[in-house]
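Take a look at the structures listed below.
Okay, so subunit A shows up in both of these, paired with subunit B first and subunit C after.
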Partner chain A sequence: MAARCVLQSAGTALRSVQSDLSSKGLLQRTLGLSQLTFLGSAPCRGLRQVVEKKDGKTTVIEGVIEPTSERPQPPNPTASCPIYRWNLQNKYNYTDVLLLSQFIRSDGGMLPRRITGLCAQEHTKIAVCVQMAHRAGELDHPRNKYCLLRCYRYLTRYSVNSVKPIYKTGLKWCKKRMTVGHPALKNNIRYSPKPLYIKH
Partner chain B sequence: MAASRGAVVLKTVKKIIVQFCPFESNVRSTREFLIMVGSEKARATNMNCEVITEVKHDRSQPMIDITFLDGERLVMKGSRITTQEMLSALQTRCSAKHPQAKAGDKK
Partner chain C sequence: MSSFSRSAQQWATFARSWLLIDARMQPPGKIASVCSVRLQGKHKPIYHPLSDIGDHVVVMNTRHIAFSGNKWEQKVYSSHTGYPGSFKQLTAAQMHQKDPTAIIKLAVYGMLPKNLTRRTMMQRLQLFPDDLLPDDILRNLTEELPQPREIPRKLSEYTQEERDAFPMLWTPG
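Up next is the complex of A and B:
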């Protein structure tokens, strides 16, 4: 549902193009910090290019930072938390992998709060959603080796290796409920009058 | 990151002037370049080459000025270049000027 670019992702990919040394010159694009890093609030990183200029006998080599492409303005730029900046407070779920993947490390763990800039409640919500997405098998990072099951959705609440299947659920007065989802997401926007149903 | 091929070879270099302000934040690569160039091994390759260090305190950008034996000058503004890039630029120019001498020495 929410698939917009929340974090500043310009220049995070490290690209190094090594051209022939015998040709015009060294042209390497690597990650570079612009001079705004010490301002603190929005460190924007641009791609750096090594430029070579020749005037007669003198050659000048210097590094030039390319101007970053224009990013769309968030609808609420004055908020401190990125989710509030884009007005996504109660609108995401564990299925919104594109949003959650912006806050995870390459091995699947969560990024610390001081790096992402999230507020406490949103950080816990996203951590919970990331955990649910891992258990549901939606994120690519292999965390749990388990056999393919048909209904991943029902594994989101508890760890996959800790639950056993409920063979006899019981009659209505003594039903063995199976919890699905997490109470942290109880404030999510719902278009039906019923509250969030956790005990299935 | 140390030089991959050992020390720098300064056969065709006449003079190197490294000028930077040590209290700036972007001088790390220039300082490391100075260490590589001013080391004993690099100086041993060419005893006539001078390595001059100018330490300034006027918040100016770091600069490296290399003068070769045939009069060519190479100016590198070190604020946004890594040490490896500076060294490789210097090495390519040196080897381009004297490819036979270098190949003969290494063999």
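Up next is the complex of A and C:
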């Protein structure tokens, strides 16, 4: 038991050396409304209790892992990316706020890929969904002032200030279309026979 | 219903009903297509383009419509009165600020059949920017139509238990 603790602590020490942020620093930095809840209910990696034992001249300081509460296991634990571990590959959208809020910082920005462990494609998809959710006003931290102007929107691909009006739409064969949604989500599961309608 | 008397059956088929639709967080195009179907009377099995059997439609909360994509900035409404120098082009956001009911009105106008009955159907469409409706219209309303788009829940609308029940996908470290 003690040997396993020592090995685990050595492993984590190695990993913390490799990554730029230590886990403690990350936890302290990412304390936001959504993150505080998971810290209380489901501890991330097993909180350790520092136990000091003195046997004469030798003192042994070890971190004893506290017993963690029962957490639901992912259906595919061998995959490297968390989305593939839980088999959510093509199933999420900008509306799944509970999923997206796990990958954002307290100020609304995305967490880096090396911290979350996402693969490149899923990281871009999640980033796109987070952007769309911010512009739709679904996440807690509003990043656009257009909610005040009461111009509600959803599935916005481009930033609101960067888009120019289409004064001349053109003829039918060369029409300038207004884009809705993002092509990164084109592989999402659809339960209707119609394909994803991106060019409105 | 077959159990109705003849006069009651006649009244039930040919009456012009008042329908309500809430446009909060809905795409205006979908609202307009639902309105145009009801205004023409195409939802009735006794439809004929010459018989004037459309219903009245009342749309509330037109100020709170939600365009998909970047249409607030990209969609342009153009008008020309015929006089030189009077070509006006307004983006959807500017139009909405000037008149909160204009977007849905123009959308419905474009979806109705392009004949003389269009003007009478537009007179039967009532648009209100907020949910404050006049008393006489409230008294006439019979049915509320379902909203075309399902409004997604915000993060603040989830309870703490639901947030805790959702599993953690990844752990740091």
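Here is the rule we use: the second predicted complex is superposed on the first by the 112 of 200 C-alpha atoms of A that agree within 3 Å, B and C clash if a C-alpha of one lies under 4 Å from a C-alpha of the other, contacts with A are read in each partner's own complex, and residues count from 1 in each chain.
FYI, contacts are C-beta pairs under 8 Å (C-beta built on N, C-alpha and C of every residue); 3 or more make two chains touch, one makes a residue touch a chain.
Note that this is a predicted model, so its numbers are computed, not measured.
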*Which partner does A:S192 reach: the first (subunit B), the second (subunit C), both, or neither?*
neither
*Applying the touch criterion given at the start, work out whether A:S106 contacts subunit B, subunit C, both or neither, answering first, second, both or neither.*
neither
*For A:K57, is the partner it touches subunit B (first), subunit C (second), both, or none of the two (neither)?*
first
*Is A:R48 in contact with subunit B, with subunit C, with both, or with neither (first, second, both, neither)?*
first
*Between subunit B and subunit C, point out the one touching more subunit A residues.*
C
*Looking at the overlay, does A:P165 come into contact with subunit B only (first), subunit C only (second), both, or neither?*
second
*Would you sort A:I65 into first (subunit B), second (subunit C), both or neither based on which partner it touches?*
first
_Output the subunit A positions appearing in both contact lists, the one against subunit B and the one against subunit C._
26, 30
_Which residues of subunit A touch subunit C once you look at their complex with the stated criterion?_
12, 15-16, 23, 26-27, 30, 34, 37-38, 41-42, 44-45, 71-72, 74, 82-83, 85-86, 94-95, 97-99, 101-102, 115-118, 136-140, 146, 149-158, 160, 163-167, 169, 178-181, 200
*Give every residue of subunit A touching subunit B within the complex, in rising order.*
21, 26, 28, 30, 32, 48, 50, 57-65
*In the complex of these two chains, what residues of subunit B are touching subunit A?*
71-77, 79-82, 85-86, 88-89, 92
*Using the touch definition up top, name the residues of subunit C that touch subunit A in the complex.*
25, 63-76, 89, 91, 93, 96-97, 152-156, 158, 160, 162-164, 166-173
